[in-house]
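Take a look at the structure set out below.
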Amino acid sequence: MTQNIAILGASGYTGAELVRLIATHPSMRITALSGDRKAGMAMGDVFPHLRHLPLPTLQKIEEIDFSTVDLAFCALPHATSQAVIAALPGDLRVVDLSADFRLRDPAAYEKWYGKPHSALELQREAVYGLTEFYREQIRAARLVAGTGCNAAAGQYALRPLISAGVIDLDEIVIDLKAGVSGAGRSLKENLLHAELSGGTMPYSAGGTHRHLGEFDQEFSMLAGREVQVQFTPHLMPFNRGILATVYVRGDAGQIHATLASAYADEPFLQVLPIGALPSTRSIAGSNFVHIGVVADRIAGRALVIVALDNLTKGSSGQALQNANLMLGNDETAGLMLAPVFP
Amino acid sequence: MTQNIAILGASGYTGAELVRLIATHPSMRITALSGDRKAGMAMGDVFPHLRHLPLPTLQKIEEIDFSTVDLAFCALPHATSQAVIAALPGDLRVVDLSADFRLRDPAAYEKWYGKPHSALELQREAVYGLTEFYREQIRAARLVAGTGCNAAAGQYALRPLISAGVIDLDEIVIDLKAGVSGAGRSLKENLLHAELSGGTMPYSAGGTHRHLGEFDQEFSMLAGREVQVQFTPHLMPFNRGILATVYVRGDAGQIHATLASAYADEPFLQVLPIGALPSTRSIAGSNFVHIGVVADRIAGRALVIVALDNLTKGSSGQALQNANLMLGNDETAGLMLAPVFP
Amino acid sequence: MTQNIAILGASGYTGAELVRLIATHPSMRITALSGDRKAGMAMGDVFPHLRHLPLPTLQKIEEIDFSTVDLAFCALPHATSQAVIAALPGDLRVVDLSADFRLRDPAAYEKWYGKPHSALELQREAVYGLTEFYREQIRAARLVAGTGCNAAAGQYALRPLISAGVIDLDEIVIDLKAGVSGAGRSLKENLLHAELSGGTMPYSAGGTHRHLGEFDQEFSMLAGREVQVQFTPHLMPFNRGILATVYVRGDAGQIHATLASAYADEPFLQVLPIGALPSTRSIAGSNFVHIGVVADRIAGRALVIVALDNLTKGSSGQALQNANLMLGNDETAGLMLAPVFP
Amino acid sequence: MTQNIAILGASGYTGAELVRLIATHPSMRITALSGDRKAGMAMGDVFPHLRHLPLPTLQKIEEIDFSTVDLAFCALPHATSQAVIAALPGDLRVVDLSADFRLRDPAAYEKWYGKPHSALELQREAVYGLTEFYREQIRAARLVAGTGCNAAAGQYALRPLISAGVIDLDEIVIDLKAGVSGAGRSLKENLLHAELSGGTMPYSAGGTHRHLGEFDQEFSMLAGREVQVQFTPHLMPFNRGILATVYVRGDAGQIHATLASAYADEPFLQVLPIGALPSTRSIAGSNFVHIGVVADRIAGRALVIVALDNLTKGSSGQALQNANLMLGNDETAGLMLAPVFP
């Protein structure tokens, strides 16, 4: 059975990554691609690495006939998604990759994104897309909200630990190293090769990064009390990959056992032997996540280190995994590509 | 039908790349991996990016039972391969990725590789592995010799042009930019990140690079006379990809038409519209080749620009493509992965 | 004696590089910096790497009092410079780093830059700034036109060879690898880290790059006949450095001797022993140029390879060298900084 | 007055960096270079970026006549230095860049470096080389022990805060990003460009990095009680620079004021305005240190972020600064080079 897929916002990196992944998917077929500023262009001209694929020409969203579409991925910029999705047919399955439907609390949305949400009903309907923890809701959902890429990395480190009560909730530091593709294809001076390569610096330091809204929401819900983590991302001179170094108070052995047990049956989450150190190079280009646990020399402290690819498991791979659930496919369809190394 | 595959020399980059590609192959199954110095190790410890795959433990070659193996890839260092392959069962299909069987003339081998060949009968038997030009011989072959990665790039630019007689055979310059993984995992000072990143330099300049042996052999055979090209490779601060900028005398329109026609039915060779410029970024991680043709402002001169991934189309992807032919598979099986960008 | 220096267009890379170099200059003092869009900002906020220096606040050009300025560097974009310089005091010494005054022939300017020149008198007055070949004119000049960075690299390889008549003028190929800072700080998609890093591609291929105007002008003048070279630049995933690989017909020994003799007394031009290969890494951050000569295996052909830093010897360092001559300073003042490696 | 300088171990990165810095030093002259495996070679052949300098040929240490040497820099590998320095003339001023004399307690040395110290008297004599905090002792010292590069970064963040008692001593996390040149020129697989570029991973995680010995020694001494920090370094895909992100409990305003006051008169330590974020790109190639302080959204927590170049301020620049003090020179002589950007 073929599933007809539309990708809205196909001219950005997450859109292109969806095309890459779906290219070898056994049942999905891309029947519509939108890209407002690039409408009328061939996808292979926007992204030459996709030129070998038979793909529909980029259209404006309003030109797409959604009646034959089984599922739409919405890879539009934050704040744009809500209006676009509100205008789609009400029974169309949608996986949104933007930040628009990640936060359930309208006040939290407004706090982190700076303006009121314009589609509150959809916001209530949306299921948070961290697959391993919302699998059943996602299977039944019509609208799934993809998580932030950094938010995914931090949650893979911490959710089972918070649930199991094996770490101190008031002493969590997430120091994160983020590949630059997470910033998208936007034309900003600090994203130029000449500015970014050959060094690093923090950004959104001190608790101002928007993905903190997701940490606050999810960790507090899991803990049944308010949890606030410290979170500092750093812009890295590489294109793909997030490394989250998470400092916690707790027993490393217990932490490792908790994570290993929680993820034992997960196809994409790999808990390394205790003491082994993940590298972003070992997951880049794939949907796999490597998770390491290390005991610190100071008794009662440990590190949890998570590596994932922001464009696959952090966004487009996660989105495809969720779409597979929503459409009744094998959850891993199109996603078993091995990482590319070197 | 499952095909049992052995990879000899699996602890190098081309070995790992074979594993990556075969991981999603519909009929091949890896049943043996060798790595002399790493015998006894799990492949996932040698290459953590492959840790999610169920793979045999690395063995010494002499420990492998070849009686159940359908085909062996030999990814051993140059000069090592000939002895190893000579000792394998005489009816075992072998795709060799080393330089040992690329040159048909023993004198040429000795000239370029500095010592006499030790397996002359195998050398005579081996079929040169540039798939698109030796397809029928490869299909029938027992032993196929993978081409040099640079040699593949230059030949994709030039073979149809030499055959068609549309360029001057005495005025060919191949200026080549080579990603560092082509040098393998060897511990050399000039391959360190601190030495290599952030700049470039030529190497083997002036006609001393061994892949010239392949150019000489193939181009002279095609032309029916001696052809010598100028060839200067440059070591590039990136991991995957070769860009060959080939300067020729000839009519750009005729050159473009010749290449477009020659490769019209090839699944992996993509001739871009005339004037369009290939980028290694658009093929990295894949078996695809992008070929561009540009007319120079000087009448009667043109550039042919070829981009391919040295680890896929330049070695392991080519090897798998050839193995597919030898085993009667769809030639593209396991090879349709889209390039990874960004 | 202190020399008061103004830098117009200080918010770009060449402006910042001038500040870096002048920072340790024994007699120059920066008394004015302009940056139209950033007027009112501290230079250390525009370029944090310069924050330790006591520098004037950025101004608009029209706010600068030029009466106390001894020399102005003009690091403005192409086409902007001519109007700005025309409006400066007529006796002010100016070193222009733009393309506006490089071509002596107004028709050539219009051909390569797409519109008529607006300051023809200045164009006639300007001295071409390739220091080693125009030293005496520069010493006496009021207005010096900095060369293109690629144009400098190609000329260092070829000028003495053309003058000495030791190469074939009709068979010159310049394959050039250019670090990205040569493209300036402009916000273009292809200059983003995510697009540019990890690979390479040609640009302005086929004889369309504007620096060909300089090659045509200078080489034809030297040869006393029209000379047209082939020139293909490639965008490199590093920030500083140009490597020009120049293919010529001629005797390598004679070529090497000609270059070694021509540059024997030059403080910045280093001709390596024959066969030695230059690397951009060995000159980055400095005003030095490394020049290598290699004989090809094909008799009568040779390579000349030039490495220089596009921001120093290719623009700002050259400009300072010329300014030193114009002001009667030691020509090397402020320029003897060693390259930065690794 | 000229000072004759010997550099022992000149074939490594810190040795080459010393040569680079001393090249423009007003009073120092390099009269001897040692490099055991490269004895007999010209320095310009070992490091082509230094080929323009008139330098002595590399010798074996035992061939050097130290009677005319005013000061020796010892840039030899850890554990090698102690025997070499013990054999030098007892009145020769020495700045050692290895780890051999950093730890005052022989037991601590043995714990972190795995074997007993062989020159205990020298160990007692050596002054710890963190210039800003040991200035007077260094001025009077005969033997100065250069600090670890990571150790320098962490101490610049924390020493004034510990002294002033403005942070919680039991809650200090140093997450550090280290450029690869800190690992030296050693041939290790993980330092290859193909392995290291394009991603990141931690190393020596969990409190096993040797620079912790310095943190323990210095912080405990300052605090008058045992202080243990958490410290996790990460290997970065760039060549120069360390970014230390230090998580502390304390008031950000007070922290900023403490650092700003402590470093107000320091020529190389630049405390940025509160909230401003340092980048390694803004100090690379120079002896400057950028220090930022950011308040976290969680009241009572703050970040201190330090950027320095591991090869200059982290080792060779620090060494030269100390040598200047020991020889009565201006402390900043040879060290005012601006950072290289882009």
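Letters A, B, C and D mark the chains in the order given here, with residues in each chain numbered from 1 onward.
FYI, a contact is a pair of C-beta atoms (placed from the backbone, for glycine too) under 8 Å apart; a residue touches a chain by one contact, two chains touch by 3 or more.
Keep in mind that this is a model prediction, so the values were computed, not measured.
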Set of chains adjacent to chain C and to chain D: A, B
Contact-richer chain pair (by C-beta pairs counted) among B-D and A-D: A-D
Length of the line joining the C-alpha centres of chain B and chain D, rounded to whole Å: 45
Between chain A and chain D, centroid-to-centroid distance (C-alpha), Å: 39
Junction residues of chain A - those touching two or more other chains: 13, 181, 194-195, 197-198, 237-240, 278-279, 281, 284, 342
Touching residues on chain D, where the partner in the complex is chain B: 13, 180-181, 183, 185, 187-189, 191-198, 237-239
Footprint of chain B on chain C - complex, ascending: 171, 173, 175, 177, 179, 194-195, 197-203, 205-208, 212, 228, 230, 232, 234, 236-241, 243, 245, 247, 275, 277-281, 284, 294-298, 301, 303, 305, 307, 342
Touching residues (chain side chain A, partner chain B) in the complex: 13, 16, 19-20, 23-24, 47-53, 181, 198, 239-240, 270, 272, 278-279, 281-286, 288, 290, 336-342
